[in-house]
Structures are given as structure tokens and as C-alpha cells.
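These notes open a run of structures that come right after.
What follows is a pair of complexes built around subunit A, which joins subunit B in one and subunit C in the other.
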Partner chain A sequence: MEARNYSPKDFRSDIKPVWCPGCGDFGVLNALYQALAKLQLPHEDVAIVSGIGCSSRLPGYVKTYGFNSIHGRALPVAQGVKLARPETTVIAVAGDGDGLSIGAGHFPHMARRNIDLTYIMLDNSIYGMTKGQMSPTTVEEQPTKTTPYGMVEDPINPVKLALAYGASFIARSFSGNIKHTVQMIIQAIQHPGFSFLHLLSPCVTFVGRDQFDLIRSLSVDLGNEHDPTSVEHAWRVAEEVGRISMGVIFEADKPTFEQRYEHAKQLAHQAGDGDFRNLLKKYRVAA
Partner chain B sequence: MSELSSRRVLTDASRLIIEAAVRAGANVFVGYPITPANWLYHYATQRFPTTLPATDEITTLQWMAGFATAGKFPVTATSFPGFALMVESVNMAYMMELPMLIVLVQRLGPSTGSATTGAQGDLLLLRGVISGGYPLPVFSPSNFEDCWELTGRAVAASLQMRTPVVLLTSKEMVMTSRSFDLSRLPDIQQAAWPEYRSANGYLPYRAKPAEPPPFLPVGNRQHQVRINASTHDASGLIRKATPEALANTRRLQEKIEAGMQKHMLFDYHAAPGSDTLLVTYGVTAEAARDAIRRLREHGRAISLLVVKTLLPFPPEALAILRRYARVLIAEENLSGLLRELIYGQMTPASVLGVNKIGKLISPEDIVAGYEKLSSMPSNPNSEAQGGKRS
Partner chain C sequence: MKKVMMGNHAVSYGARLSRVQVISAYPITPQTQIVEELSELCARGELEAKFIKVESEHSAMAACIGASAGGARAFTATSSQGLALMHELLHWAAGARLPIVLANVNRAMGPGWSIWSEQTDSLAQRDTGWLQIYCESNQEVLDTTIQAFKIAETLSLPVMVILDAFFLSHTYEPVDIPDQRGIDRFLPPFQPKVKMDIRDPHAFGALVTPEHYYEFRYNIQKAFERATGVIEEVGREFGEHFGRYYGLLEEYEMDDAEIVLVTSSTITSTARAVVRERRARGEKIGLLKVRVFRPFPFAAIRQALSGVRKAAVIDRNISFGHHGIFFSEIKSALYGQPDAPRLFGFIAGLGGRDVTPETIHDIIDITQHESKPQQDIYWIGLKSAGQKATAPKTAAVK
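Then we have the complex of A and B:
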């Protein structure tokens, strides 16, 4: 195949995004175009799998393989694709509702399995698509249509969740900082194993434009003193209050599910599984 | 609504359903957002004594089950994707004999389909949703008044039979605002729980034949209550297929068949001399009424049957169907779910469906269907043709 030189716009599909003007998800999309171009990933080597939500519209806007699955199920569909086509770069995209509410059950399992795919969560702390109900990351003082007097439950901390279940790469970025987001997407894709990118991406319609300012005012860069290979450092970041650290929070070298599964397959082969005559022998009854 | 005599307001039916449910005695709403059921959820937040935001639809139904065991009447509103996730839990509530109301607002499928496009695609799902084919009561409002009355009725029926009940509607019915005179709405009585009142020992599933067991809530402080989703005996303990446990399971069917007899609702307008019957339900009824009017203006008499109790299907409505030489069935789906519910795989040649997806069925669609049907052979066995009842 001839070598191609991809620029960001080569990844743009013909469909115009339906997002509200000013939606944070535009920043994510632009960053993704740039990251894919920097990685020079051919269109046919990438599959983007989403659930349902404003954030989950993303695959339609990128010129790669793309799926809109059902609400909450981006991760398991992505897993099927990755295991069937290990050579493909698989990116799962979900919203905070999609990924932390209805689809939350998949998250710890993906983390502990360490399948080599990238999980990007576009967190606006609201249900955007269904017009403004509370989400698992809605904070106490933020009223929503279904919690008009404020939240009476604590928000989920997705970084803690990923860390607790052994995700081998955890990073955070903000769609208002495209340059940083590009960097984080690239590193997440390059990491061998399950990588989780917590991407704060404001909903200007149901949370408001202030969400940009709020995130910006709380953002701090993880400086050089942060060691992403240290679990203790990572927990410190995960548990911080009053600020939001941006960057690679945790990174570990771990065998992937694919590698371990290959090994299990070899053991099965050595034991004679997969051969009908061999299997019959196991069930032979003494005459 | 006596306290609101002749009050015209701009409202949608979501608000009417929520108000009616509360007046009938529902006191807990559990929601998970999904278009086109969100307005019900949002109004519930303002009106129900307790409204709780669940994290998915399985949780929704499970919370509701918990509330129901403790004597609260729970309501939720969803659409196909959410209802699909509720299926196992609806079976659980059915087996446990827990009252609750599920407002199922239909949208275009399959799957996520189109959230903002209405449909009538879930009738046969409801017919088969309880494993074993046990009947789940389903009411379907055909206008604003029905949204009010059938909601009250659904809460009462649910309590009377101790069973989950579905109010089956669709996007345009609950999301269209109209100027509406609230004084047209009758008062709704608060429905009563089938309470256990004896001082004697209590067995949670001891019931008269074809009746639900009398109810005592968890936490009643006098009698032990065991609730069970597996095959169980009168005490609520898991049993294999013993005669007692099977009799209990059989009773689930019998209590609905007996209990629903007083809830067989439909509107029937017989046009004198007509040999054709138009049958429909839900949101399509509005177009049907309009089509009948237009046909009448052109001197064509056609009778109308609007079915409001869809499941179990009213036997009297079947008797009406048999009287006609030609039957037209209008519903917003491709394959004709009501048609299949009535005729199975053996739709007679004298029956025609008016079917469509992606857009409301219009009066014109129905008039065109009528014209096509008129040129088709009629049923020689119908009572209108002097045939015998079969």
C-alpha cells in the first residue's frame, strides 16, 4: 500500500456535528483528528466505538471504522472488536452517564482485564442528550432537572475507580485545552494495555458556559514531582479536592489480556482441546 | 377535577398522567432519563412525594420492587431500550405480586432507533414479556381524557390484582401540548391496597383461588413477610415444582384473567348499516376519529373500535370484530402487531392493515386503506354477511 501523509482534516467525515455551538465535545473531536494525524494511523487501522449520548456521536464525525452502539455498552462492544482484530487500534468513547451509570459495571472488568484499547470518557457531569438530568459525576451544588434542589449523593470519581481496579494507564485532560488533550490521546493510544482518559468536556447548554471557567480555574498540571509509576502518587491525585490535576496520573507495565489469553489457548491446545476425537476420548465410557 | 371547574390550560399528557397517578395513590417515582418519557420524570420530580433518580433501568425496577414490598406504590416511565432492561425485573415483580405502574412511551425501533420519533411497536413484546406467557395488564390511552382516566384505573387495577401494570403510550401522545379544559376530567379516587386484616397467622402467598393474596408490608411489625421471585409456596419459601407451588404459579394467570374482567375497556361507535370496522389504539385513534368523520361527510359509514385495554384483549371486542365483513386495523408499525395479536398468523383476506413507520398515521392513510379494503373480498362468514359465529 502506498504511504500516505495524513493531516488532521483527513480524519474529518462529511457529517457536520449536531452538537450545540460551544459544546466541549468539539475540542475533543479536533484533538482526536490531530492525534490520529500525529500517529499517522491509517483510517482502516482504527475503530471508534461509542454508546449513546451527545459524546457518543463522536464516531460519526471521524473517517475511521465507527460504531454507535447502545447506551452504556461502548466498552464490551469495543472488547469484541479488539479481540477479533488485535491489529486494530480500538477507541471506546462514552459519556459520564453512559460509562459511569448504566455502563459502570463494565468499567472495573475492563480495567482488570487490561485489554489493549483506549477508553475516552467525555465527562460533562450531566446527561446532555436527554436534556439535563443528574449524572454520576454531578456535584452537590449543581442543580439539574431531576435534582432541582441539589445532589444528595456523592459523585463517582472515575479516576479512583480505574485505579482501584488496576487500569494500567490513567490520564486526565480538558477539552478546553486542545494541545494537552492531543498529547493525552496519543499517549493513551500508544500505551499497551487498557488506557483510561478522563476528559472533562463541558456541556454549555445544560450546565452552562461557566463550566469551562470552573474547570480552567481548578486545573493544575501534574508537574515533574508526580511519578506516574507510583501507585501512592496516583492515589494522592485521585483523592485531591479543590483542584483538578491534568496529565498522566498512572502508568504501569502489565501483561495484556491478549497475551495471557494466547498463553491459555496454548495450554488448551497442548491438552488436546479443540479436536473432536480428542474430546470424545474424555467422555469414553468403559465397556 | 371539581376544584378546577372549567379551567383551560395549555398542557401535555405527561402532566396529566403524573397528576392522575398521584391522585390514585402512587407515591414514589423512580426515573432514569430516556426520550420521550422525560417529561413524565421531570413533572414527577415536582409532584410526587418521593422521586428518585436511578442509575439505570434495572436499578429503577428493583428500587420500585423494594418500595412496593414496604407498601408504597411506585411508578416509572421509560421507552423500549429502558423497558428491555427491565424485563427480568418485571418478571420478578410479577412473581412476587408487587403492584407498580410502568408508563411505556413508545418510540421508533429497533434498538435505540430514533428517540424523537413515535411508534407503536411494543405490543407483542408486552404480550410475551412474562416468561410462560402469563398476562401482564396493559392499558393504552387514546386521548388526553384517557391519559387521566386510564392512569387512575391502572393504579387501581395494579393494587387490586397485586401486579405490575403497563400504560402503553407513544411520543406524540405525551409530548404534544394542547389547550385543554381540566374540568372535563372526572375525580380520581385513591385506590386501596388489598390489605390483610385478620388477627390470625399470616402467610404472604395464601390466597383464594384466582385472587391475589392479601397484602402486608415489610415492616408491619405483626407478621413475617417473605417475598419470593422463584417458584414458591404460600409461606413464600422456594419450592421445586411441588403441587402447592405450581398451584400458586397457576394462580398468577387466573387472578389476572378474573381481575381484569372489570377493566375491559374500549370505545365502540357502530355506524348504522356499515359492514366495515376500523380498529385502532393509542395515538392512532386521533387520526381514526378524523378519518371516520371525513368518510361520513362523503356518505360512507364505517364503524370504529378503539381498544383501550390491550392485554388481556377484551373478549367483547373480539365479538364486535366478528360482526363485520371487512376490518381495517391502523397502527404505527410495519408488521401489524395488533393484527397479529387478534388473528395470529391467519389474517383473513377481509382484514387489511394500515401501517407506517417514522410518521404518525394520518386520516388520509386510513381513508386510502378504507378504499383499498372496499375493493377487496369481504368475509363470507361474518355476522354481517349472515355467517355463523365461529
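Then we have the complex of A and C:
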């Protein structure tokens, strides 16, 4: 195959994004173009699968395979793509409403299955596409159209969930910091197994411009003292209050679904169960 | 009091006047404003109800089921994909005989993703055991929402109030809001026949063997057979209270009509204007609006179309491999009737494409011109192969 030299703009599709001016998702899109170029991934070897919501418009803006699938179902659809086309780099994109509300049930199973795909959650803590209702990550002091006088429910902490579910890679970034986001996307894609990237991406329209400033002011870099192979360290980050740590929070070396599946096949073969005729013999009734 | 409001808010006001007690919903375009307004009314204390924004439509209907079984007047609203996700629980609500009211904004199903109007979402739920009432105007939306609770609670069956995406949901029209005292007289508080009550304990949703299940189904069907009468009675009573009468169907210029257009929802308003125009030219055209789809008003349809020469049914929906859904239901109602009209089936306006007066004129012209239908389905306004679609460019997937 001829060598191709991809630049970020090679991944730009000819569809103009319809996000609001100033939307955090532009930063994610830019970072994704750069990450795909840095990885030199051919267009045809990448599939981006989304659910429904503002963030789920993203696949249309990237020149790779793209799926704008069903609300909450980015993960199971992405899983299907990966099983059918294992050589493809599969990226699932979901929002906080998409991935932590209607589609939350898929998250634990994808994590424990450890299928080799990347799950990027664009968290703006609001339902932006339906114009500003509370989401599972809306915080108490943030009024929304369905909670005009403030939240009456506790927000979900997606990193805690990912840790509890056994995700083998967990990172966090902020779309206002494109350079960092590029790094995190690259590492998430390179990680073998299920990788979860919690990507804070503000909604300027329904939360407000302050969301950028607030996240920036709370952001801290995970320093060298943080050991991402330590579950304890990771929990400490997940539990932190009053600041938002950015970087690779957790990374474990765990066999992927694909590897374990192959292993099971080998065991079956060694046991002789792989041969259909042998199986039939077990059920033969004497004439 | 008259107020100019969008169709979605007409639903909200209807629910508020009905003094709903539990509202459980999930956002989806183009429904969201219904529950947004209700959440605001709850938060301000103008409505004594518990409002919960749950994690999916499936959960929304589940919470309504629990609330209704608990003895509360329960309400939700959804659209399209959301209604499809509720499907399992729609069966449950009806099977459990819970008088839940649901407002569905008719929106086309994906893919390709569409937020525009089409009836296939609600019509696909026709066998779930829900009554279905289709609305033509925002006034009808508000009035029907209130009547829906009375109908539902009389029959112990859930009712779906249905309105077109954007043509009603987001369109502002003057709506007369009945006063609360009048509504309280018309719709007394919910008195559940069975509820969670320590003095009269019941189990809910238990396993039912073939010994009993069959009779449960028979009872539901019997309730549906009573429903046509109940809907008419409630519509009449509403008229006595508030001056606006409602029935199963609505006839316009039907007395000596030779050709009758059969419509539902907002297409009716356009058709009415066209019929008026054709009448002015001396053509004997009439219009029949189908308001109630479940229970299907067999007798009323037969009577209304008896002696009519030709009828043209306009469907903004399709049952693939079959017909427009209103068309096939009307056809089955007319089977074996000696004086039934020749029935023409038209599909129009799928995915929210405009059904303009020209579209209706075309339909009348075809029906006038042909002595009997030349096609199983007439697709009106279909772009021919040579014609370039003007739809916006969608994501290019290579």
C-alpha cells in the first residue's frame, strides 16, 4: 500500500458543523483531526459511532466511516462494528445525556468486556440539543429548564463509574485545552482494550460561557506523583472535590475481549469440542 | 380566557387543568416544551404534582405505571423514537388497565434522522391497547388532553393524545382556556378502581396462567368496544360545559358529497380550505376527519361514507408492504358494505414534507378523473428520478 502523509485537514469532511458558535465540541473535533493525523490512520481504517445529541453530530464532520446511531446506543453499535471489522479503529462518541442516562446500562458491560474500542464522552452537563434540560452530570447550583430552581438529584461522576466497572483505561481532558486533548485521544486509541476518555466540553448556549472559565480554573494536571497503574491513586482522583485532574487516571494491562475469545476457542479446540463430528458423536443414540 | 400558545403548551395547560399528580418524562424534540412548561408550573407551585425527569422514555412510562398503580393521575409526553422505546411498557400499561395519559408529538422515525411530522410512530403502537386520538388544532389539543383523563379513568385504559410535529407542536394559535372550576366539575379527582391500599390489598402484575389470561384480553377488547360510546359521551359532556363538542369523526360538507377526502390531524385544515374552494366551483366534494383511531370507529365510518361515490384517504404514514394505515383500516371497515365508495389511497407528506393546497387539489383531481383506482397506492409529491432533491446535504459516509 502506498504511504500516505495525512495532515489534520485531511480528516475534515465537507460538512459544516452546526454547533453553536463557541461550542466546546469544536475543540474536540480539532483535537480529533490532529490525533488521527498524528497516528497516520487511513480514513478507511477508522469508524466513529455516535448516539444522539449535539456531540453525536461529530462523526459527520470527520472524513472516516461514520455512524449517527440511536440515542444512548453508541457503545453497542460500536461494539457491533468492531466485531464485524476487527481491524478497524472504532471510536464511540457520546454525550453525558446519551451515555449516562438513556444509554448508561451499556457502559458497565462494555468496560468488563474490554473490547478494543475508544469511548469518548463529551460532557457538557446539559441536554443541549433539546435546548437545556438537566443531565446526569448537572451540578446542584446549575439551574436548567427542567430544574428552574436548581437540581434535586445528585450528579453522576463518570470516572468513578468507569473505575467501578473495571475499564482498563480512564483519562480526562478539557476541550479548551486542545493540545492535551490530542494526547489523551492518541493514548486512548493506542490502549489495547476498552478506553474511556471523559472529555469536558462546555455548552456556551445553555450553561454559559462561565463553564469554560470554571473548568479552566479547576483544572490541574496529574503530576508525576500520580501512578495510573494504581487503583488507589485512581480512586483518589475520582473522589477529589474542588478541582478537576486532567490526564491518564488509570491504565491496566488486561487481556482484551478479542484475546480472551481466541483463547476460549483454543481451549475448545484442545478439548476436541471444536470438531462438529465429535460433538455429534456425544449425542449418538445406539441403533 | 383566550391565550396565544404553541401546541406543546396546549398539552401542558391541559395536563395542568386536569390536575395531574405525577409527571415523568425524558426530553425529545419536538415534545420537550410540554414537560418543560409542566416542570416550571410544578416548581412555581401552580401545579401540585411531582415532576421527575428520568433517564429514558422506557423509565418514564415505567414511573407512570407505578404512579398510576399507586393511585395517582399520571402523565407523560414523548415522540417518535421515545415512543418506540416505550413500546414494551405501553403493552404493560394497557394490560394492567392503568388510565395513564400520554401526549405524543408525531415525528418520523429514523434513519435517516428526521424531526419532522409523520404518524408512523404512533400508528405503529396501534396494537398495544392504547386509545388514540389525533388532534387538528391547538384548541383541540388542550380540550382532548382534558377529555383523555376522563375517558381513560372511565374505561381503565390508557389514552394517547396525538399532535403533529411543528405544524401544531411549535405553531402558535389562539386557545380558549377553560376555567379551573369548570374543569373540576367536568373531571373529578381520580378514583382508582384498584390501587395500593392496605385495607384492600392486591398483587400487581402477577403471573397469569392460560386459565385466566384469555379472559383478561377479552375484557380489554370489551372495554374498547365500550370506548366509542364513552368518547362520544365525554365529548358531548365537554361541549355542554365549555361549548366545544367532540366526536369520533368530524364531517364537513358531507351532505350531498360525491367525493370525500378522508384525513386526520393538521392535513384536515388544509383539506377543509381546498374543499371550500372546490365547493365554490360547484363540485360536490366533502371532508371526513378521523379523530379517533383506537378504538377504530367502524360504525361511524360506514355510516359517514355510505352512498358516497369515491373516497380519497390521505395518509401521512405507511405500513411497509401494505398501505397507508388509515386507508387499510377504512378499507376493512367498508368490507362487504353494499353502498361503499371506491377507495383511493394516497400517501403524502412523509418526514414532514409539506402537504399544500396544491397537493390536495392533485388528490381531488386524480380521484375525479379515474373511475376506479389505477394504483394500490398513489404517492403524491414524490420527486421523480430526474428531479434533484433540495434536502440539506447529509453526512457523507464513504
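Following the convention adopted for this analysis, the second predicted complex is superposed on the first by the 265 of 287 C-alpha atoms of A that agree within 3 Å, B and C clash if a C-alpha of one lies under 4 Å from a C-alpha of the other, contacts with A are read in each partner's own complex, and residues count from 1 in each chain.
The rule is simple: a contact is a pair of C-beta atoms (placed from the backbone, for glycine too) under 8 Å apart; a residue touches a chain by one contact, two chains touch by 3 or more.
None of the values given here were measured: they were computed from a predicted structure.
Visitor: Are subunit B and subunit C a fit on subunit A, or do they clash, once the structures share the same frame?
Guide: clash
Visitor: Between subunit B and subunit C, whom does A:39 touch in the aligned arrangement: first, second, both, or neither?
Guide: Neither partner.
Visitor: In the overlaid three-chain picture, which partner chain does A:231 touch, first (subunit B) or second (subunit C), both, or neither?
Guide: neither
Visitor: Contacts for A:13 in the overlay, against subunit B (first) and subunit C (second): which applies, first, second, both or neither?
Guide: second
Visitor: Of the two partners subunit B and subunit C, indicate the one touching more residues belonging to subunit A.
Guide: Per-residue touch count on subunit A favours C.
Visitor: I'd like to know which partner A:164 touches here: subunit B for first, subunit C for second, both or neither.
Guide: neither
Visitor: After the superposition on A, what does A:71 contact: first (subunit B), second (subunit C), both or neither?
Guide: both
Visitor: Kindly classify A:146 by the partners it touches after superposition: subunit B alone (first), subunit C alone (second), both, or neither?
Guide: So A:146 meets both subunit B and subunit C here.
Visitor: Hey, what residues of subunit A end up touching subunit B and subunit C alike?
Guide: In the superposed arrangement, which is not itself an observed complex, subunit A uses residues 52, 68, 70-72, 97, 101-102, 104, 127, 129-131, 133-134, 136, 145-148 for both subunit B and subunit C.
Visitor: Given the complex with subunit B, which residues does subunit A contribute to the contact?
Guide: Against subunit B, the touching part of subunit A is residues 52, 68, 70-72, 97, 101-102, 104, 127, 129-131, 133-134, 136, 145-148.
Visitor: Applying the document's contact rule, which stretches of subunit B touch subunit A when the two form their complex?
Guide: 31-35, 38, 41-42, 45-46, 51, 53, 55-57, 81, 111-112
Visitor: Which subunit C residues qualify as touching subunit A in the complex?
Guide: Checking each residue of subunit C against subunit A gives 26-29, 32, 35-36, 39-40, 43, 51, 53, 55-57, 81, 85, 110-111, 113, 393-398.
Visitor: What does subunit A use to touch subunit C in their complex?
Guide: Of all residues in subunit A, those touching subunit C are 13-15, 43-44, 52, 59-61, 63, 65-68, 70-72, 97, 101-102, 104, 127, 129-131, 133-134, 136, 145-149.
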